[in-house]
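Below is the structure I would like to discuss, written out as structure tokens.
Letters A, B and C mark the chains as written, and numbering starts fresh at 1 in each.
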């Protein structure tokens, strides 16, 4: 039975990092995962939930569950925060014991962030990638703490040929994105982003890798503002930069 | 006790919030809220550990083999710390050791702890015993009683605690079991300190600036 | 600390953070976090997690049986010869202390550090009646001379240099001491000793209140807590009703996690256990011992299960130390004596979300606080509930956000969850950005997105995955 993955592309990745999504499709297919894309998907509703609009978040969740609930296989996303929303918050949006709650729980249980999917379900860490550069890793908060994914991304990065992984002293410190936080408290968000960028520059890396579109938007923008040649990349972009045999 | 409407009000609000009725019993404290007590090591190792911890916190430790040692040590302390006035606990142990008498013979004026706070505040030295000693943290538990006035370990610049092996306890579980019904007590761990100014450690803020802990073994 | 203007305006406060503040904050927090990490490593992570769970469970048990434990504490304190007073709110607590001061003809009060007394504005209430109040914790003493409140609950004056403190002592105390920590501390020691010895009343807070024996527990390093509660003839402790623990055994766990989490010490210098006044005069200590049990909104916080665990807080300050927001703005930005994540929780619920302004949103929800909290308060979960209270209201308060926002949220959610509207939006954004786009970036955008671009450019809108997928599927 081939593993089946329903793509949960997320609104931010769709708008800003379509290359990551295409890379994810190609990579999963190379790993013989059967990939499907439920076209009616939009946004998981996290911005509403995080802003306190649980009524609207519930409406978004219903729509999302309607789209993904009727699929089979795993649901895979390149974004830790969106998966955290589905796994941890969706069930709480519906009263326990109701069919909606059950659907939320069942669907959440098969929803995975990309690196966790690769390591835990496809059971690979070596995808035959090559990226002969110095790389440092930023651990997105929701992936790290929300989903408890401490090691998966780094395990995968260590298997990339030619890649030198250097530690980031602020690896686990928030980059300052925080969704709407970045526009509600722009000065504080900026200060946090600048600290993150400085810390990345101090590693001497050619690229900083993260697994969340929000973090990447923020960090990439910050690096550009600082006129830095360092690239901010999604892990998937590293894995699909050059291809070899696993 | 007379009816306290504010108290009744608050309790009523608490009960409403918790959906509890008056007099509703408390479930026992859950077992997950407890941790296992420490098992003490061998006595000599415990003393070693206690002294190491006290040393880390700038306390000064010493082993005394008997009363002659004590007299010598007291003479040195009086000189080093320029002690002119001292105040002491009046526990049977300290009375038997006649610490006050020894100090007097060294020219130190003995002030009664009940002489009044202004007088006691002028003492350079306060001498106490130790009711319980906790090696893991280098902590001394001092009780309070007519024989153990609180100000003795608080107001003078130097605190000397005379420790007996029998005071050693494995940890707070044991120490608390004995102390909880005995009124006031204080856990003393090193001399008084602060990092409030630029995070620089300084000793002797309001409590004693120096802590001496002497283990007195007698054959 | 003077009552900040309400509602609290976190953004404006953040815009006015003194330039040197973030570096000072980070220096202090790095030290505490480093010390803490060393002790946690020495204990081993498994034991540390067991202790955290035990600490959480004992505190949760205490507050979910709070009525019984409060009654038990009251009985025990009274039996031990102490006096128990109950204060429903700040005004009542201040009245009680004022009456006590008047009754004993007190002209001067010495205080040890207590967030509860800051919360109720006790100093101002006493000073307004001509009673001199002296903060005796060194950090509090310093900021009091400045006319400020604490910048951090554990190290109130960490942000000041020794030069600034020396200048302050020169100006306010008329003492010329060199700018060295040791010398400045000695100045404070000498000045404050006289105050301890001549004050008519000593006021403290309480880190814990043991229901079993009615025992007030104070955790300090300097000795001022002992001085305030031993030397003046009358002692009063202001203790929030949330500080209850069932028994002495509970403290074997809590004392293990408190100092480690706060400053990275195994235990503080002095942990005091006060059970009423001394049983005999010869013990030396206050003639009268009073306990004021303070509600001031805590019983209301209990009501909502989703936010109830706010009351587990043991005021260690670890969440302040780890919070990236706090580390960039410092304590004053929060407009409340307790700052950082736990401060947001308290301010939002003691003052109410309307008065707390944007505080519940002053977080990226990174969750570092959850992981470091020694009593495992689910801080970000509570923040999410408080945001829900702001946006939509709940059984405690009606919505504080303007109804226009709610309309906006509804319109936004319809647009975002209707596939054709969503796809239309994607296309429109790509089209509309054309004049602003350069090298795949949008450097400057109109409000409200200008709030993003003021800090860094936005990547260009580039949605083309769906058409790529469709083309690909058709090829196969």
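Definition applied: a residue touches a chain if its C-beta (ideal position, glycine included) is under 8 Å from a C-beta of that chain, and two chains touch if they have at least 3 such contacts.
All of these numbers come straight from a predicted model, not from anything done at the bench.
Centroid distances built from C-alpha atoms place A farthest away from chain B. The most central chain, judged by the distance from its Cα centroid to the centroid of all protein Cα atoms shown, is C. Averaging C-alpha coordinates per chain places the centre of chain B 30 Å away from that of chain C.
One inter-chain figure worth recording: chain A and chain C are separated by 33 Å, centre to centre, where each centre is the mean of the chain's CA atoms.
Averaged C-alpha coordinates put the centre of chain A at 55 Å from the centre of chain B. Those residues of chain C lying in contact with chain B across their complex are 27-28, 31, 50-51, 53-54, 57-58, 61, 64-71, 74, 78, 80, 84-88, 92, 136-139, 142, 155-158, 160-162, 165, 181-182, 184-186, 188-189, 192-193, 196-197, 210, 212-213, 215, 221-224, 226-227, 230-231, 241, 246-253, 255-256, 263, 266-276, 278-285, 293, 295, 299-300, 302-303. In the complex of the two chains, the chain B residues touching chain C come out as 1, 4, 6-7, 9-11, 13-18, 20, 22, 24-27, 29-30, 32-35, 37, 53, 113-114, 117-118, 120-121, 136-137, 139, 144-151, 154-155, 171-173, 176-177, 179-181, 183-200, 202, 204-208.
Interface of chain A with chain C (complex): residues 9, 11, 14-18, 21-22, 25, 37, 39-43, 45, 48-57, 59-60, 63-64, 89, 141-142, 145-146, 172-174, 176-193, 195, 217-218, 220-222, 224-225.
Those residues of chain C that touch chain A in the shared complex are 10-11, 14-15, 22, 324-325, 328-329, 358, 360-368, 370-371, 384, 386-392, 401, 406, 409-410, 412-413, 416-419, 422, 426, 429, 441, 448-449, 451-452, 454-466, 468-469, 472.
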